[in-house]
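Which chain is which? They are A, B, C, D and E, in the order written, and residues in each are numbered from 1.
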Amino acid sequence: MSEFTSGTLTAKNIHLSFGSNHVLRGIDLHVEKGTTASVIGPSGSGKSTLLRVMNRLIEPQRGDILLDGRSVLQDNPDELRQRIGMVFQQFNLFPHKTVVENVALALRKLRKMPKDQAHAEALTQLDLVGLKHKAEARPSNLSGGQQQRVAIARALAMKPEVMFFDEATSALDPELVKGVLALMADLAKGGMTMVVVTHEMGFSRNVSDTVTFMDGGVVVETGPPEQLFTDPRTDRLKGFLSDVL
Amino acid sequence: MSEFTSGTLTAKNIHLSFGSNHVLRGIDLHVEKGTTASVIGPSGSGKSTLLRVMNRLIEPQRGDILLDGRSVLQDNPDELRQRIGMVFQQFNLFPHKTVVENVALALRKLRKMPKDQAHAEALTQLDLVGLKHKAEARPSNLSGGQQQRVAIARALAMKPEVMFFDEATSALDPELVKGVLALMADLAKGGMTMVVVTHEMGFSRNVSDTVTFMDGGVVVETGPPEQLFTDPRTDRLKGFLSDVL
Amino acid sequence: MDALEQLIKTFFDWEAMGAVVPSMLTVGLPNTLLLAVSSGVLGCILGMVLAVMAISRNPVLRWLSRIYTDVFRGVPAIVTILLIGIGLGPIVRQLTGSTNPFPLGILALTLMAAAYIGEIFRSGIQSVEKGQLEASRALGFGYSASMRLVVIPQGIRRVLPALVNQFISLIKDSSLIYLLGLLSSQREIFRIGNDAAANSGNLSPLIAAAALYLVLTIPLTHLVNFIDNRLRTGRPEKKEPDELAAVVGKGAQA
Amino acid sequence: MDALEQLIKTFFDWEAMGAVVPSMLTVGLPNTLLLAVSSGVLGCILGMVLAVMAISRNPVLRWLSRIYTDVFRGVPAIVTILLIGIGLGPIVRQLTGSTNPFPLGILALTLMAAAYIGEIFRSGIQSVEKGQLEASRALGFGYSASMRLVVIPQGIRRVLPALVNQFISLIKDSSLIYLLGLLSSQREIFRIGNDAAANSGNLSPLIAAAALYLVLTIPLTHLVNFIDNRLRTGRPEKKEPDELAAVVGKGAQA
Amino acid sequence: GGTASTGSSSPTNALEGSDQQTLDKYTTKDVTALDKIDKAALGLITPGTITVGTLSDAPPNIFIDKDGKFTGYDNELLRAIAAKLDLKVEFKATGFASLLSQVQNTQFDIGSSSISTTDARRKTVAFTNGYDFGYMAVVAKTDAAVKGFKDLTKDTRIAVVQGTVQDDYVTNTLQIEPVRFEDYNTAYANLKNGQVDAWVAPSQQATGQVKEGDGTVIAESVVNTQNFTAYAVSSKNQALVDALNSGLDAVIADGTWSKLTKEWYPTRETPATWSPGSKAVTVPKS
């Protein structure tokens, strides 16, 4: 656990192309330990791709990723990922396992917990997101919001030091958003570093210590939310924010 | 085309259970032709299921569905569905077809358009949602917001008289939400009836002529947005709305 | 090494192979192709019908499909071929006056292949997410159009390699129709090799037959894999055949 | 009808069947089961190795798997069995002193079955959405653990019917090891039926063998389907085997 | 393939030869004169042509030669018989296990496969008069300990083709469990590679298989007239049996049988206790 205990995350000049589509064009992002950074930007600007690159699900073609100032590109990516929880935009629950098994799997196999303990721990996590009663259901029989909450519980169960949320609240109703918000506040207090991709400006404003606005694969503007939302410096961001309802 | 030309939609006392889970417990919903009804409510309250029942993807176990005052339960469901467009919460694009083929398929096979014409029409629809440049991509290579927009284009291409949106903007950034909003305003002006499931209260407030609040499979409250959002009558709705950011 | 020499002479006598290759190419190859291709195509059609029946909502259709599959898959090929040859042979002969065993052979091979292919199709179709059928029906497509345009194409794509398995089995099974009584000009590749082996007491003609089978089956496999990749990725420039691992960067090797 | 009567006598002579059933049950059945089960299990293991190699990022492994599959799938079973029996037989005999043909027969059947099963597994594994591997890796599982715990279990489930196909083929192919030279106590079901048919000129013993095959294969099919349904739905109370159509209400029939 | 038969129901010593009486039960006294045969009444599948079911892989009796022609002793003899009857022949290959059933169900008019005329088979089909007799050999490696039938012991691994008279002889007479093969070719291949120590084969097959330089030798040959071989015909088609018997007698009488026998079995002597065709015909002295 040594090197990741604090969890300051830095991406430096990240580049990535899919074929001829240059999706990330030199992204810099710095997230201090225990803070929450939100990433906003138009659809297709590369937000999800950036998260994938930062936990090395896709290797960057150029640039570096640092945890506590140390490059992780040479390390074992599996250890890196055990310390970074991720909630996917499409949830990606395991359809062949029940809800509770989805959450318990990594506990049992990676944390080597005995089955009972992993199960109990998973139920605790499910309770946090209000889904203890669906523990034995299959993911395909859940509503959208329920699936998203299971994905959150699954990531949190591993007690990561850094969490990535990709549109973490897109399927959640206002009550649940508030719940997730409270959860995240708790996590931040506990020292968790978080990167949140969202298109809900209210959410971004409420959760973030810093906000980064991406467009076309580059960071257009970054700063504390008060500044970005009230005094955007670029026209691009101004235009983007003018559309918020 | 006769019977559906106006498009007033009514659901009467709809009941549905999944096994022992009684998901819809007597839902009533009335949407006047050319108006937009939004449905809000906590995760798992049965919103997506209600939409599925109303275009008979799932047959209701009790109750009736009326279009222009006439029950449709005895009619051919395929004709019904051709007149009701639906955008799914999970998008459900066809992964084996390109983006433009996703949109053109129904035009070619159901509207019997020649291939070229269907293609051109599909490109027009894609342009409306800003995705003409992704026409030849596969759905799996699109970002979440891009997929959602293709799903919208696919449904609109059939020029339905009624549209169902299930979390229609969950993956869209503010700019796109505004675009979709404008689109919907146009559609409403053109006489389209719309039912929009959403958890974004701002969106609901902006688009709706009526708002219906569901919880636990029943309609708790329904009325014009001004009334529901400013003067909720039930404690349940008050509690729900108090959580909006 | 005497034993090794003997072994090589038994299996790799080039002269014995050379002697048999011309008739394998001129007689055996066309017959094998005729049998395998026609029963392959017909078997796919019947197999698709069986698969669609097997997932239909009508229990009678489901059970008919189940029984057909169980019987024609479980019964040894020889028995099916003999039953059809001896049972239907005389009737066909009386009706058409033809004693050509190929139509009956193709029928027998088709009936058997369909049972296997039907199960392969079924597994492919059932693995397609139900959201696909829902989306298609929501557009206004009927059940059968949805199956035809959306579900089945995706399902088939998923089981192409298993389908190739079955087609290769069919090429090999076509040698069994010798039981229907073949003129020497009606023999297929394997039979010609087998007869030559019996004549010479040397097994090399069988190896020649095997080599010719490989010449048929290997390009088939690679053609299908190529099509499969194209359909899967849609991008002709894609070089890595491994879609699955490719998405997860270098970390996958760790 | 005279011809019909003759036909019935040829295929359904109860006396001829009865005469052969006892040895089929006491000798043939255990031998068939021994051969099919052991080569089935080994074939699945080797097949899984081949499938994993086939989708690996290492091109050498991919090509090894490809070549193995192409060769062992394309070569007729008879040739493989003869090559192994005659080629390896003397070596095994010298090393172990045993002349029992079963080990070599199981080896040959395993090598062939693995080529087919490998392709079936590959198609199943490749049909699992890449998001599944991503999600598992994001949790911190390595590539092989992700495959083992998440991707492969889903992939296998999708191809269970095709796997049953292959196992049934294996039961039938086990009759080919007669080529290795069997004592009469080593014959399997089909061979016993075939010998009896050759001796009497009546085909009923073959029908008896076919019936016994059905007794083996039908319960297997239904057991696997049952397990498949359970895994798919997780709900024992589910009655409708048609998951796919079931979601789309009555409209599906229209 | 299989020229084949399990002996009669009780185990007998095949090497003791025939008592000739047993055969008389089936061999006809005489035959219809050739010119009395009504060719229209033969019930042939294709009128004017005898459709023959045979095997393609059991030389020297029945096989397809390099040019794709069905030939072998049995089939050439049949051609000669058909010529006497002024009928064409068309050969079709099948498997031995199904041959008799296919004849009986009139998929073929005749089965030609050196078929031993056992009682069990007579229950299924009818046979013509005999045209050949059993002749058994033991084949072994040149340097093997087995030099003849007397050397076959419980410890010898003996190859036979399953269901043949040889199988019956080894199993029931010698009381040794043999290693059974489906066809001669495989049996021989296993002998060459040492999987078996000896092969008890029909002499014709042994002669056909054993070649110079194979390291094998025909150690001993013995005659077995217990069961003659004959052509199989549907039991419902006595007319065709009669016609073939007439043809057979005719080719015996004019010396064709002797010529073909000499051609295909240059070194074999016909035993004095056995003669082909009906009892009315005699093999001309050459």
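A few comments on the model shown:
We take it that a residue touches a chain if its C-beta (ideal position, glycine included) is under 8 Å from a C-beta of that chain, and two chains touch if they have at least 3 such contacts.
These numbers were taken from a predicted model, which means no experiment stands behind them.
With steps allowed only between chains in touch, the distance from subunit A over to subunit E comes to 2.
Chains touching both subunit A and subunit C: B, D. Look at the CA centroids: the one farthest from the centroid of subunit A belongs to E.
Highest inter-chain contact count (C-beta pairs) belongs to C-D.
Using CA-based centroids throughout, the chain positioned farthest away from subunit B is E. Remark: subunit D and subunit E have CA centroids separated by 38 Å (rounded to whole angstrom). Each chain gets a centre from the mean of its Cα atoms; for subunit C and subunit D, those two points are 16 Å apart. Centre-to-centre spacing of subunit A and subunit D amounts to 46 Å, using the average Cα coordinate of each chain.
Separating the centre of subunit C from that of subunit E, both taken as means of CA atoms, is a distance of 38 Å.
Under the contact definition stated at the top, the residues of subunit C that touch 2 or more other chains are 3, 7, 10, 78, 82, 86, 90, 130, 134, 137, 142, 203, 247-248, 251, 254. Residue positions 57, 77-78, 81, 90 of subunit B each touch two or more of the other chains. The set of subunit E residues that touch two or more partner chains comprises 98, 101, 105-106, 189, 193-194.
Those residues of subunit E lying in contact with subunit C across their complex are 1, 45-46, 51, 53, 56-59, 63-66, 68-70, 90-95, 98, 101-102, 105-108, 183-185, 188-189, 192-194, 208-211, 214-215. Residues of subunit C touching subunit E in their complex: 3, 6-7, 10, 19, 23, 27, 78, 82, 85-86, 89-90, 93, 99, 101, 178-185, 187, 191, 194-199, 201, 203. Those residues of subunit A that touch subunit D in the shared complex are 52, 55, 57, 77-79, 81-86, 88, 90, 92-96, 98, 105-106, 109-110, 138, 154-155, 158. Across the complex, subunit B meets subunit A through its residues 18, 40-44, 47-49, 89-90, 141-146, 149, 166-167, 170-178, 181, 199-203, 206, 239-241, 243-245. Partner subunit A is touched in their complex by these residues of subunit D: 129, 131-132, 134-142, 145, 149-150, 153-154, 157, 231, 233-234.
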